[in-house]
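These notes open a run of structures that come right after.
One chain, subunit A, appears in both complexes that follow, with subunit B as partner in the first and subunit C in the second.
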Partner chain A sequence: MIQLAQAANPIIRWEYFVDEWDQISEALIQHLQLTVAAVGIGIALSAVLTAAVLRFHWTATPISGVTGVLYTIPSVALFGVLVPYTGLTIWTAVIPLTAYTLLILVTNFVAGFRSVPPAVRDAADGMGLTPVRRVLGVELPVAAPYIITGIRIATVSTVGLVTVAAIIGQGGLGRLILDGLRRTFWTPMVIGAMLSIVLALVLDLVIQMVGRLVTPWTRRSRA
Partner chain B sequence: MINRLIEPTSGCISIGGVDITDQPLTELRRGIGYVIQQVGLFPHRTIAQNVATVPRALGWDKERIAERVAELAELVGLAPELLDRYPDELSGGQQQRVGVARALAADPPVLLMDEPFGAVDPIVRGRLQDELLALQQLVHKTIVLVTHDIDEAVKLGDRIALLNVGGVLEQFDTPDAMLAEPTSDFVEEFIGEDRGIKRLRLRTVADLAFQQGPVVDVDASIQTARAVIAEHGTEWLGVTVDGVFDGWAPVAALDAVLSLDQLDLAPPVAQLGPDSTLRNAMELIMASNTSVAVIADQGRFAGVVRLEQIRAGLRVPVRHLGHSGGADGSEGADRSDRSDP
Partner chain C sequence: MTTLATSIGSLPALPAATWLPSVPAMSSLHPLPSLLGQAAVPRDIGVFEWLFDPDSWSGPTGIWSSLWETVRLCAIVVAVAVAVTVPLAALLSHQRRGEFVATWAVTLSRAVPTFAIAGLLVPISLRQGWGSEPWPIFVALLLLALPPIYLNTYTAIRQVDAATVDAARAVGLTETNVLLKVELSLGAALIISGIRVAAVQVVATEPIRAFLGGDGLGRYLRDGLGQNNNSLVIAGGLLIALLAAVTGLSLGAFERFLPRGVRRLRKAS
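Then we have the complex of A and B:
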């Protein structure tokens, strides 16, 4: 009986990879695009919000409040709410995905800049570095480990969330999962889920490696 | 406030005759070396890059920067192999040296040091203080050094400005004058009870008028020797040979000899140079049988110093600058032996 069922509907049919490769690769690329777009816009917005928090302290509470609330909205609901306004376009997916990155990114960015020792900032000012040079040349690199961690977490969580966007017809790998669910056909579901996990791990590794390359001083400690 | 990290609300600070508020902020700061307690090295830059911060901001070319960095590393005593390391790989003392090198990089006429040795242990602190004094002999900067340690102020300062709570100036004086004549109870309490002893470190034997003492040349007659002994009312007679102090003999020993060269002389515990501190002289006096410290100037007998002379010498405080090894001060002191305008 069990053997029969397995034969009829195995967890994965490998020939699906070959037959449907166009569809799979397209979904994978779309998944990657959505992730990069959401995280990219998220980083830009978070940079502005971080600057606001650091510069105008009163903005810290409203910004953490709003990004926190955004983060709690169930993704399915947020996609649904946006459909009447942005239709079934890519923006309907990117806007909520971006919104979810903000809490993670802003929190880490702010923590990064706050981790800059006051003495370092003092020394930079005292030696006559311009404010722009101080922020870009000193504070940003010192904050980099936190910033990179934030981007890693945001990216991994976004890769997972992108699958949900399939319900509004965007979704990348989520489409395969949805397709499998509708047809009670395991193969696309498993492939979609697996590729999503692999994509998340690969991106995480890539960002981590880039991070290590740009922060060589963090790997050396006192001899 | 001198580098306008805090803006003055009233009054005027001028450097080389120019009001600091009349200069562009970055330009002003690049002209003032800045050393702070926590050092504040940039953790993401190598030691060489840290030292090169201001020259780079000033747009020096690479070659000149590299040359200057190497020069400074030698000046402050940093091994060249440390230059490619990151600050976290260095000890606290080494980091502080890098901080000083970084401040000196563009050869600013003025150096601000905000509790520069507060974060290192007492042994390293003492060494860094000595290094700063030696460094100052080479670079001759105007140094404003802030400290809470009166001993550091006395040791390093040419002049000390002692500030009370709220920035009230209590006294501005040479260390010796401040220790000798504190102008208020606050100053007196702040500098501590052993201020007389502290002064001993500040003054050198050269400040005193040496005396010939009960010392005669070996060729002198026994009668002359007896006359000298009578004059000084002493139990010991010192003998020099060709202008070099040879040793002491008890007065009673004169009875057994026909000439001074027959005396069995006891060599002195040690001899002091003119630049020894009064504290060394006092130590020597305490350790010797004769209650006298022998002073030799480049080997030649220059005179003797007794406790009474040290006491007399301390009566008048030194107010002029630029002798001995003093530098800088408590709560803002400056080292003003700079001659250029």
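Then we have the complex of A and C:
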């Protein structure tokens, strides 16, 4: 009986792609939105935290401690614990997702700015740059490769985590996975899982390419 | 109810899809029905009232048996990951090969999409007649555990002082003994910390199993969400977070039991 049902239930039905494209594209767009929101807020918060670490050295230990602890909280648990407070809204997904990006981003941002040679900083000061212009015009470009790597890793890991948010009714492509499981209809599951992996790879590539465009000098030095 | 141990022992004989009962009415949040049914918990119960009630801990849907399910799967996953990865990474690192794998591991260790992988494997596993549980989640968790262990083992062997290794060769140790007695023991602290990172990630991710047709500690979260019972959701979340914390702390304590000379290397790094 079950065997029969399974025989009529192929791993993937390609016509589903065309017929249910609305649903798929909606899930894909929600997945992207959640990722961009989480990584965007994560970058903004991490910039502030990085500035604090670099400016006031005593903040390094508490900041790395807190972001480290946040990172080890199981995502399923955090989604669940937030439900009673933020309901089944987008925030219940975005808050944990943002929290998980902080450790990756702050670590990479700080490593980037620490990689700026003191001589470069002194030279910028010597040329009479204001501190703001020194940071934005000199230190930021030097730190850029680290910053871009951090954003890449954070984005790829967030794309993977967004699927877990399906358990609280968010989760973009993860909802296709859960939906397929519930109906024991494999096509949406396989499409959801594959698209979320493809999305991670594509975003990784895009950020890498944007990174190359904004740091042309790294290519020149390698040639 | 197929246990992991029996399903590993009698893989092809597993009945296909016994976990598929008639699918109940679909709300957007109703999770997969579980094998053992859901725990009946009154909605107005307090989080700690439920947690401290002995009845919550006993029986087939109780916390003890769920905890055991989770711990058993995680222990097997980590054990297999260690058995596969540590020798491989140690050998490659000793021969100064496979650096590119370590580079991948850095990126991969934070980007394995466990839920997608497990979801992708469920239909395949069912069609093979292996059941929906626990193979898909086992493989997905294994893939999650490999990168940190590989990375740390590789780095551990790599950063053993070259002079020490030369000295070991000079006093006549064979290459095998250089690896086993010198490099591995000096790298032990870092290797164990890789295992700790992997174990914490595995324990933290295992609860998605409850949403993939299995049980384990994630069941309370799933049942709580399905029954719209916030106390159960919070209690389930707390239990998962607590287990992850205990795993991290106990393996961290294990690192501290290592001989002093071994620990010194870690501090220097």
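Definition applied: the second predicted complex is superposed on the first by the 214 of 223 C-alpha atoms of A that agree within 3 Å, B and C clash if a C-alpha of one lies under 4 Å from a C-alpha of the other, contacts with A are read in each partner's own complex, and residues count from 1 in each chain.
Simple rule for what comes next: a contact is a pair of C-beta atoms (placed from the backbone, for glycine too) under 8 Å apart; a residue touches a chain by one contact, two chains touch by 3 or more.
Fair warning: this is a prediction, and the values are worked out from it, not measured in the lab.
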Note to self: Should subunit B and subunit C be called a clash or a fit once both complexes are overlaid on subunit A?
What the structure shows: fit
Check: So, does A:73 touch the first partner subunit B, the second partner subunit C, both, or neither?
Finding: second
Check: So, A:93: does it touch subunit B (first), subunit C (second), both, or neither?
Finding: neither
Note to self: Under the stated touch criterion, which partner chain does A:160 make contact with: subunit B (first), subunit C (second), both, or neither?
What the structure shows: second
Check: Looking at subunit A, does subunit C or subunit B touch more of its residues?
Finding: C
Note to self: Touch test for A:27: subunit B only (first), subunit C only (second), both, or neither?
What the structure shows: neither
Next item on the list: Have a look at where A:184 lands relative to subunit B and subunit C in the superposition and call it first, second, both or neither.
Entry: second
Notebook entry, point to check: What angle, rounded to a multiple of 10°, is defined by the Cα centres of subunit B, subunit A and subunit C, with the middle one as vertex?
Noted result: 110
Notebook entry, point to check: Is A:148 in contact with subunit B, with subunit C, with both, or with neither (first, second, both, neither)?
Noted result: neither
Notebook entry, point to check: Can you give the closest approach of subunit B to subunit C, taken over C-alpha atoms and in whole Å, for the superposition?
Noted result: 25
Notebook entry, point to check: Where on subunit A do the contacts with subunit B and the contacts with subunit C coincide?
Noted result: none
Note to self: Could you list, by residue number, the parts of subunit B that touch subunit A in their complex?
What the structure shows: 3, 5, 25-32, 34, 36-45, 53-54, 57, 85-86, 88-91, 102-103, 112
Notebook entry, point to check: Can you list the residues on subunit C that touch subunit A in the complex?
Noted result: 16-17, 20, 23, 26, 28-32, 107, 110-117, 119-120, 122-124, 126-127, 200, 203-205, 207-208, 211-213, 218, 221-222, 224-225, 230, 233-234, 236-238, 240-241, 244-245, 248
Check: Which of the residues in subunit A end up touching subunit B in this complex?
Finding: 117-130, 133, 138, 141-142, 144, 215-217, 220-223
Checklist line | subunit A residues touching subunit C - in the complex, by the definition given at the top | finding: 2-3, 6, 11, 72-81, 83-84, 88, 104, 152-153, 156-157, 159-160, 163-164, 166-169, 173-174, 177-178, 180-184, 186, 189-190, 192-194, 196-197, 200
